[in-house]
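In the part that follows, the structures are each spelled out as structure tokens.
One chain, chain A, appears in both complexes that follow, with chain B as partner in the first and chain C in the second.
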Partner chain A sequence: MSAEFVQLSLTPMIVGVLAAIACALPGNFLLLRRQALIGDAISHVVLPGIVVAFLVTGTVTAWPMMIGAGLAALVSVAMIEGIKRLGRIEPGAAMGVVFTTLFAAGVVLLEQSDTSGVHLDVEHALYGNLESLIWFDAEGWASLLDPVALAGLPPQILRLAVILVLTLALLGLFWKELAISTFDPGFAQAVGIPVRAIGFGLVMAAAIAAVASFDAVGSIIVIAMFVCPPAAARLMTNSLGHQIGWSVFFAASAAIVGYIAAGYGPIWLGGVHAVSAAGMIATVSGLILALCALFGPARNRLSAPSEGQ
Partner chain B sequence: MEGLSLFLQALTLQAGYNAAVVAIGAGLLGLAAGGAGAFIFLRKRALVSDAVSHATLPGVGLAFLLMVALGGDGRSLAGLILGSAVSAGIGLVLVDWITRKTRLGEDAAIGAILSVFFGAGIVLLTVIQNTSGGRQAGLESFLLGSTAGMLFDEAVMIAVAGGITAALVFAMRRPMTLVAFDPEFAAANGVHVQRTDLAMMGLALLVTVIGLKVVGLILIIALLIIPAVAARFWTERVGRMIWIASLIGGLSGFCGAALSSAFVALPAGPMIVLLCFALFTFSLLFSPGRGAFAALIARRRFQHRVHIRQGLLSMAREEPIYDGLTLSVLRRGGYLNPDGTPTVNGRAAAAKAVLDEARWKVARSRRQLDRETGADDGLTRIETVLTPDQIADIDAQLALKKGGVS
Partner chain C sequence: MSPLELIADRGKVIAEAPSAEPMAVRGLTVSYGEKPAVFSVDMAVPEGSMSAIIGPNGAGKSTFLKGSLGIVPKVAGEARFFGKPLDRVRGRVAYVPQRASVDWDFPARVIDVVMMGLYRQIGLFRPFGKSNRSQAIDCLERVGMAEFAQRQIGQLSGGQQQRVFLARALAQNADLYLLDEPFAGVDMATESAIVSVLKGLKSEGRTVVAVHHDLTTVRSYFDRVALINVRKLAEGPTDTTFTSEALQETYGGRLADTQLATLQQANG
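This part shows the complex of A and B:
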């Protein structure tokens, strides 16, 4: 049982946790800036990016796909800005126009091109393939100390770990600037913080986290983790530091509980097949948010404990 | 070229009875979506409909499981649509509840409901795949829509429902217009704002569930947003905007479905969205009032007027002109000869410019002309603002002043 667990379930769980935290961290600031839907937009435009990357390179390897997705995210940000300025249109509608169009273009491109030989379809982009990230070389918990077996770990773990460390480093480095420009942009401008650059950097960090995560876990988890854990954490506390701590805890719990519920839940209930882990992780994060919305100590403006107490 | 002739046949409804009904259904759906979307856009709630559309998925799954449990086929479109409407309605109520009862903003509520309901729906879809022993229930087609295997009854149902929704939008246009522009005024006039808002989102919900089979739940929001945003470029009046949005939506729906029936590899939903975007881009660039080119031309024209005005004043003062643009607009206007000396016309216009400047100065000193002089932006011709006797009166004062000085 335990050897099987390490081989089949440990790596997907780690990938799920890493992806969840990598998305939840920038999600905290996006939530406070009322830009929570940026994650939604980015995860839609990832599809045309990976399709174009596939058409250019002819393969479905990780790096071209990630570069393609990153470029698509940049293009979408530029299009949203352009439509907002040229047409004097409110940001929500401009975003709606851009991400639906790019997603539609991605679907049409995908249907037009011959992808019969490779594993590339819309469902894959939506649900990811968390369950397939198996650690073939593992024979038990001892493999965690075996360099040969460790070399056979799915590459997604390393990639997400690097992104996560990078995000944490940026967060530590620009903590003060991020916090001030999020809560009081006017004051931030007055004390010389480059507010626009910080905002753009935040969106870019979110895009990188989303692009790195979608490949392993699909866009459902990405959207859910950008919004749900930070939103739930926001209902728990008034302090930014505590909020981020809570959001990391919620994101990790959702990933672990969701994965176990999807993989083992149906079997415990007498079924034979596992259900979608990505969908279940998103569902669990929603349940956490629901609990916080009902019972969180800072759930509404009146019950929020006042500062400094 | 075979595809092209097929497309022309489909456009003229001669590609077979089924294809014609599907195209008409998609057209009516677009009509309803454009109209309903116009109000949602004006009320600035465009993205709420994204949460609504994603929230349909668990309803589709549960309805399928329920219908199978009751011994039915599970694939009845009417049953699936009913289920999707129920869960979309729950999603809509929850977005509203989160926004009103917690400190979270509407964007967070939308993102949370959208992703969680969609995730739960995906879980249900995998459950269905497992229970039906690998047999495809075909529910994935609700993600991106599919008109290819649509049954005749389904197409008729979509057409009828789309027509009814369009009629509902038309019937409710007055209260929705009032609420979109001025909720307080609407409330003072006896319009129930919250109920109207709910009805408006209810229309979006109707469009969404009807469109599930054609456009799919991921992209249906495009049919609600894009026609409305495109229509906004062409008019400043709500009544016209709704008609234009409906027209854009209907045209995209009809042509997109026709294209898809002619070319096998072109899915209807994404094609409809791309056609909407093409019409949007055209509007953004070329609409006469708010379009990008119109703005560019207006800017150029304004720039030329400023340069001509400044150039004429310099000519009158016999100052040399160095600015390239000023020189070129003066030459093109016939005020300057190619060698840089003023033409007869140029001298007259320059003298007139100086005279007008002096007249404006006098006019500005007169209190009773405040309203007229306030309209002057430095480029207004004085004859367009003041009457001939007022100008004559000003000229008399100017002559007096001149006489007094000399």
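This part shows the complex of A and C:
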């Protein structure tokens, strides 16, 4: 049982946890800047990026896909900014226009190109392939200490771990700048914080997390993790640092509980087939948000009246 | 310091315009669309003065401050602080934005916001420390808010929020304070607390510039005024500049005679 768990379930769970946290971290700041939809936009435009990368290189290996997706994310951010300025419309509308159009273009492109020989389809883009990230070389818990077995770990783990460590390092280094420019951009600019660069860096961190997670877990989890854990965490505390801590905890819990519920839940309930882990993880993150909205200690916030007396 | 260093130091000061005003703006023009919000405004703020920027709604008063500080891009013009471009003297300039310009639901306590004023003192890559905390408490004490240090900022009244903003500016320990509508929507107690803090800054030789909208208090609070309605219409000592004629011009004749009469009475 435990050997089977390590071989089949441990690695997908770790990948799920890493992806969830990598997306939730920048999600906190996007949420506070009322840019939560940016995560949504980025995770959608990853699809056309990947299809174009496939058409250019003819393969579905990781790096061309990541670069294609990253470029698509950059293009979408530039398009959102451009539409916002030229059309003088609110950011949410600009994002909505860009990501639906680009995602639709990606679907059409995918249908028109010959991808029959490779593992690339819309379903994969949405749900990812979490369940398939098994650890062939594992024979039990002892394999965690066996270098030969460790070398056979799915590459997604290392990739996501590196990105997560980088995100944490940047968060720590630029904590003051992020906090100040998110709360009061005018003041931040006056004290000399490069507000635009910080904002751009934040969106890039989100894009990198989205692109790296996308390959492993699909866009449903990415979209959910940008928004649900930070939103739930905001309902738990009134401190920015604690909010980030809670969001990491919620993201990891959703990944673990969601994966177990998807893999074993239906069997415990007498069913035969497991359900989609990505779908279940996203659902659990939504349930956590619902619970926090009902019982979170910081949910009844008194916003000061605009004309206070 | 050795005599040689002193001479070198003196030489440097002389080379960089010795009598530079805390704030000198020339020809500032800012536009949000095709119509300029601020058009070719000049302003010179003498050291140790307390100036009000006055004008009707939409006259570009806030935009003038933001344009001077480079927070909104300018079409033309130049702003110098203490004779230098802002980038070289940021530590000497404190800016207090309009209270309503930020989201007070942000997850922060009062002390967290005040510590933001220590940003330049702390510098890049270093966390806020214990000594920063006590500095922030000192600043809160000066605005009568020390007991609220641990309070979530969204739970404060408008006047308390404005005092927190002022405490953050005090933490910057600047020589020039630029405040955007510091008395908007605050209670009487807060207004007099803020005025006494600002007058205290002035008595220490620091310079205060505030966007102000209550014409009845101009004379008692400020020794200089600048009247702005997209263009600058008048600037100078309150006694000689804050006149009925200048106000009528600034407000485009929209002030009723009775309003002006009340003003004259209020101002003695």
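Observations, loosely collected:
To be clear about the criterion, the second predicted complex is superposed on the first by the 302 of 309 C-alpha atoms of A that agree within 3 Å, B and C clash if a C-alpha of one lies under 4 Å from a C-alpha of the other, contacts with A are read in each partner's own complex, and residues count from 1 in each chain.
Heads up, the rule we're going with is that a residue touches a chain if its C-beta (ideal position, glycine included) is under 8 Å from a C-beta of that chain, and two chains touch if they have at least 3 such contacts.
The structure displayed is predicted, hence computed values, not measured ones.
In the superposition on chain A, contact is made by A:L173 with chain C only, not with chain B. Once the two structures are superposed, chain B and chain C can be ranked by residues of chain A touched, with B on top. Judged by the touch definition given at the top, the superposed model places A:L74 against neither chain B nor chain C. Using the contact criterion defined above for the overlaid structures, shared-chain residue A:F103 touches chain B, although it does not reach chain C. Of the two partner chains placed by superposition, A:I134 touches none, neither chain B nor chain C. Touch criterion not met for A:M204: it reaches neither chain B nor chain C. Of the two partner chains placed by superposition, only chain B is touched by A:S276; chain C is not. When the two structures are aligned on the shared chain, A:R234 is found in touch with chain B and with chain C. In the superposition on chain A, chain A positions 34, 234, 298, 301, 304 are in contact with chain B in one complex as well as with chain C in the other.
Touching chain C in their complex are the following residues of chain A: 32, 34, 173, 175-176, 179-180, 182-184, 186-187, 189-193, 234, 237-240, 242-243, 298, 301-309. Within the complex, the chain B residues that touch chain A are 41, 44, 46-47, 50, 98, 101-105, 107-108, 110-112, 114-123, 125-127, 129-130, 140, 143-144, 218-219, 221-222, 225-226, 228-229, 232-233, 265-267, 269-271, 273-274, 276-277, 280, 284, 290, 292.
Residues 66, 69-71, 87, 90, 93-97, 100-109, 112-113, 116, 119-120, 122, 125, 127-128, 152, 154-161, 168, 172, 185-187 of chain C touch chain A in their complex. For chain A in complex with chain B, the residues that touch the partner chain are 31, 34-37, 39-40, 44, 83, 86-90, 92-97, 100-101, 103-105, 107-108, 111-112, 122-123, 126-127, 220-221, 223-224, 226-228, 230-231, 234-235, 262, 266, 271-276, 278-283, 285-286, 289, 293, 298-301, 304.
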